[in-house]
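Written below as structure tokens is the structure these notes are about.
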Amino acid sequence: MSTDVPRLRVAVIGASGYTGGELLRLLLAHPRAEVTMVAARRAAGQTVAQVFPHLTGLCALPITAFDADAIAAGADVAFAALPHGESALVVAALHARGVTTLDLSADFRLHDAATWAAWYGGGDHPHHPAAALLADAVYGLPERHRARLRGATLVAVPGCYPTATTLAIAPLLAAGLVAPRGLVVDAKSGASGAGRTPGLGTHLPEVGEGLRPYKVGGSHRHTPEMEQELALAAGAPVSLLFTPHLVPMTRGILACVYADPTDPARAEADYRAALIAAYADEPFVDVLPAGQLPDTAHVRGSNRCHVQVVHDRRSGKVLAMSAIDNLVKGAAGQAVQCLNLARGWPETLGLGHAPLFP
Amino acid sequence: MSTDVPRLRVAVIGASGYTGGELLRLLLAHPRAEVTMVAARRAAGQTVAQVFPHLTGLCALPITAFDADAIAAGADVAFAALPHGESALVVAALHARGVTTLDLSADFRLHDAATWAAWYGGGDHPHHPAAALLADAVYGLPERHRARLRGATLVAVPGCYPTATTLAIAPLLAAGLVAPRGLVVDAKSGASGAGRTPGLGTHLPEVGEGLRPYKVGGSHRHTPEMEQELALAAGAPVSLLFTPHLVPMTRGILACVYADPTDPARAEADYRAALIAAYADEPFVDVLPAGQLPDTAHVRGSNRCHVQVVHDRRSGKVLAMSAIDNLVKGAAGQAVQCLNLARGWPETLGLGHAPLFP
Amino acid sequence: MSTDVPRLRVAVIGASGYTGGELLRLLLAHPRAEVTMVAARRAAGQTVAQVFPHLTGLCALPITAFDADAIAAGADVAFAALPHGESALVVAALHARGVTTLDLSADFRLHDAATWAAWYGGGDHPHHPAAALLADAVYGLPERHRARLRGATLVAVPGCYPTATTLAIAPLLAAGLVAPRGLVVDAKSGASGAGRTPGLGTHLPEVGEGLRPYKVGGSHRHTPEMEQELALAAGAPVSLLFTPHLVPMTRGILACVYADPTDPARAEADYRAALIAAYADEPFVDVLPAGQLPDTAHVRGSNRCHVQVVHDRRSGKVLAMSAIDNLVKGAAGQAVQCLNLARGWPETLGLGHAPLFP
Amino acid sequence: MSTDVPRLRVAVIGASGYTGGELLRLLLAHPRAEVTMVAARRAAGQTVAQVFPHLTGLCALPITAFDADAIAAGADVAFAALPHGESALVVAALHARGVTTLDLSADFRLHDAATWAAWYGGGDHPHHPAAALLADAVYGLPERHRARLRGATLVAVPGCYPTATTLAIAPLLAAGLVAPRGLVVDAKSGASGAGRTPGLGTHLPEVGEGLRPYKVGGSHRHTPEMEQELALAAGAPVSLLFTPHLVPMTRGILACVYADPTDPARAEADYRAALIAAYADEPFVDVLPAGQLPDTAHVRGSNRCHVQVVHDRRSGKVLAMSAIDNLVKGAAGQAVQCLNLARGWPETLGLGHAPLFP
């Protein structure tokens, strides 16, 4: 995979969690990037292979504590996979030093600092720690904001649920086929979405054979992000009820979005046509053939997204569905896709591999 | 567990599938019942323990082919766990011989033969094979039809999804709190719901780490059963969009029912109050404390049902949720509960055990 | 389940872990016992249903801090499911107050205090905290020590791995069919064996699709317990290499014990005959028919043990296998079985239920 | 990933099973290979994406029936992933037409036709269908036979269990550290090892929460293959008892090999030194640091193998362990590694990616 072109020097910050690990997995195989720095708070002093035994023999880098100057000296681009609030400070420090940053936290996804404060504020950060940068950040969903991502220096990589939800329903909203009010998003995620910190809620005996909703009733923080992006697509305010579930598997999100048609007389083919038109040139989104349904097992480990839509004549509802890998298209893979766009590289660079099935 | 009272002689027909196995598990421990006959078509000639190694040392009965006269001679009550169409013929033969029958197929759940034909008709049975008996059958959901189940001689044990869905939303419809139109039922099931016949759709490598919807767009046969029962509760026609999912676990159904309030000003407590009132005296249904959500892991192996409801002020929607074990409250346990009612026994007989957790 | 006989008042101490929860599940359904007190350190002040949502509606008892006098006043028998060291002190306090105690820790399993100190000593308890009681304790494996368990007032309930291993190989050692030296025990356990405290080693994403050995090279603390019990069976010192594994499932232990025959000329049937003779009258141990192999799925949730043995003519080795549910026959169920023996009740009381399959 | 070098044209035969799917996944990303033909018997007429929905958008090739002439015309190299017996005929036909073939069946792994007949003979093929080719075949385990693989035209890709077992123990046998007699191989595999044909033994509800051994007592067909390869390493006949298990996960094999030291006085470090020496220059085999144990989750999806060894002073035994992905290093990945060697390419071409974790 060597080329004569000098590689871009990349830092991964917050490298000890699953998103950090996934960034390492993808960047180690990226033909134009070279991971030169790996930072994490608690894991500082260890090697990457100690924190991630699956990278034994593949990455000999030491993990250091975060140091903005050191990163500015040793890397051209940084990926930050940190908790919200903390991430904004790190991003601001890097931005000030001219380091292009892809932020995988929620800190730059919402355009409005007050909305951030309402949903994320608290503890050390009642208000957004770097609100002045919000205007500079580009929401990193290439299928919706590709043009702005080209040359971007601060990318807010979307949340996993918003990615799946937006890819499923945004084209139908944009085409005016479904109403922007009263959307129901019933989404299901594998346990890696809960992060790498152990807890009773991800303890195998408790959850290995169980299924449960969590943060119901519109309390999940991805709600305003979805509403923001879908409102942009619809050109009108969007309200939705989002219900996430924890599924006894490791990776994958399946989103079911229920919507009311704006015209009850339309046929299912009309909705599919809108998806097909939206994704005809997209390298990572497949509208499945009619009759075939998304399955998280068919996108695992890849940056791909499978979408489908059906119309139920009896109830009059439309159901749009999507499946992604929450750690790839829902996090690290999308971040790499954004990097490719930001640098003007082919968008699929380092992301062309097939899902791991079975 | 012995008593001096002579035990009721019970036959299990269709004993080689999961519902049959679960009936055996429950009936072998029932203090007033004695399994005297076990019938199955393909497994005839084997012993129960050959078909179900977990019953080694617990049941030495041979499996025989179905013979209505033999069953009428050797059993007082029969449970039929057979495919639809075939089941109606077996039930009719037993009914004619005076054998009280609890039918776990779909054949006597729908009150209308034409609806049966529309959803289940085909192959050898384009029309209902025993439509004359439909009027005699009692829908075996004790929480909705307890009075009629007392003394019943033909019980149509409900489907697993309709049980979960009805227990979650019927009290809110009955109380006029939510609108009967536009319901969305997003339900998720473990793989045992697909039965014991192997197929690619339940092959561990294909589904062990995947999640997918199936029979979307209102095509699942449990749809008319739900609409029938919910219309009875609402006192008005009900239309709904039902989306089932296959979850990588063995047992359990979680149903999420999204509805529109009839009065947007009501508080969440109003919806909870309706559930609490409906289930105050129910031995198997628990309305969870506010803030606690249903989890299939907390009802597994038992006849219990956990329900909860939340109201989302932002979207205005109500979400009612329930968790059951699809093979127990969703099939065999509910059938035993109906037997207890039909015989005038305490309703919890043989069903008092706690869920198996973890 | 009511009877006219007054029930035995039972306390469960250390009730917030999986063994405690399983004791509650079994004792709540026991026809002669009544759980009157539930104690746990960290969970004190909560209700049982808060700690174990699966017991919602089934147990309204509060959880209290441990108080030996209160337990002596309110219970006739106590089950202790506590960490080693701490358990010995609790047991001693109860024993001094005349409370029959079934201890599920390792504190009274080893007959020799020096061995205890070598394997378990450390921290607050470098030496056995109640060594004087060791002579009073009966090792609670009914299949090996039934006579001594009758009337016992202090029972050391065996470890899960030693139960599975001993049931598989002890009859062959006792019959002199295999050599007591050079045994290899390769055993595999579900994650509930690791307890209820979350950690990276039981975090679903880390282990849901992985298999690994742990505490290899003879370092697992169940080693001396196995050697002690197998030496009693063999009438000679036993040395073995025990390798445990963590399997991505919740319940179950499968033990494979590899041994060298004392006479290479014997046939497989000779080994099976020894197992069959040993377990002919055992209510919970089944020697599977020739050709059928143990599967943890076939004993889950029950007190049953499936055993099998094969002889490989090519290598000359004998392989004895067993499957149990680690939380039932490997812990709580075996404790109840011991209680039944200690009180002179039928040994299967409260334990007659079938495994939960699938 | 484009290069100016013309790519090797590759055919995949038997493409509808898991090994075939994995070959496609790897070869689609291989920088020097281009999949030009895909053949399968039952799936002929469908597209690759119909048989493998995870390859939607990644492979538009049609699946054809096998035709040796067509393959000889359209491909330079063929991978055959077919049932034994059938595979030998296909390989012979391709070999006769000058097509370099990598055979993933068992047909060319055993050097001796009589041994093949004893273990694999039966049905349509009581004798080896192409015994004359056995001498031409090179056993495709690069770590043992690298030199012979360079330029090979017929490669017998090893079985999954023999790969894991040989990589764990061969260096210790080759160094004379452990005795070649009395080896015990206790190995555990994910369910993908059972292939893609559904059956009760891989039906999720039956196996999702169960663990069981199968083909015990030396009856598994990988036994002679292991003995052959280990005898080559030991320079002496080897006898072993091999016990495979089915673990409720999809991918991965963990092999535990128990052996007796030739000199009881040796230290654990001596055994580790032998592994380290053997694998110092191997691109895919990592000897884990002392104290760290193999976990199948840490190699999943990759061609990597993690090995470790411990010595137990108490029992005197040595335990060598290895973890691989059965579909990659145990099948498709190893085949690609062999192709790289056969063509004189860098051995890691197309195989450099990290495992998928979590």
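In order of appearance the chains are A, B, C and D, and numbering begins at 1 in each one.
Basically, a residue touches a chain if its C-beta (ideal position, glycine included) is under 8 Å from a C-beta of that chain, and two chains touch if they have at least 3 such contacts.
Here the structure is a predicted model, which means the values were calculated and not measured.
Colleague: Between A-C and A-D, flag the pair that has more C-beta pairs in contact.
Modeller: When the contacts at A-C and A-D are counted, A-D has more.
Colleague: Report back the single chain whose CA centre is most distant from the CA centre of subunit C.
Modeller: Relative to subunit C, the chain with the farthest C-alpha centre is A.
Colleague: What is the distance, in whole Å, between the centres of subunit A and subunit D, each centre taken as the mean of its C-alpha atoms?
Modeller: That pair's centroid distance is 36 Å.
Colleague: Give, as an integer number of Å, the spacing between the C-alpha centres of subunit B and subunit A.
Modeller: Computed from C-alpha means, the inter-chain centre distance equals 39 Å.
Colleague: Could you tell me the distance, in whole angstrom, between the mean C-alpha positions of subunit A and subunit C?
Modeller: Between these chains, centre-to-centre, one finds 46 Å.
Colleague: Two-or-more-chain contact residues of subunit B, please, as numbers and ranges.
Modeller: Residues 18, 190, 192, 205-209, 248-251, 295, 297-298, 300, 358.
Colleague: Which stretch or stretches of subunit A touch subunit B in the complex?
Modeller: 182-184, 186, 188, 190, 205-214, 216-218, 223, 239-241, 243, 245, 247-252, 254, 256, 258, 260, 268, 293-298, 300, 310-317, 319, 321, 323, 358
Colleague: Which residues, counting only subunit C, touch subunit B once they are in their complex?
Modeller: Residues of subunit C touching subunit B: 1, 18, 21, 24-25, 28-29, 31, 52-58, 192, 208-209, 250-251, 286, 288, 292, 295, 297-302, 304, 306, 352-358.
Colleague: Under the definition above, what is the set of subunit B residues touching subunit D in their complex?
Modeller: Interface residues on subunit B, with respect to subunit D: 18, 190-192, 194, 196, 198-200, 202-209, 248-251.
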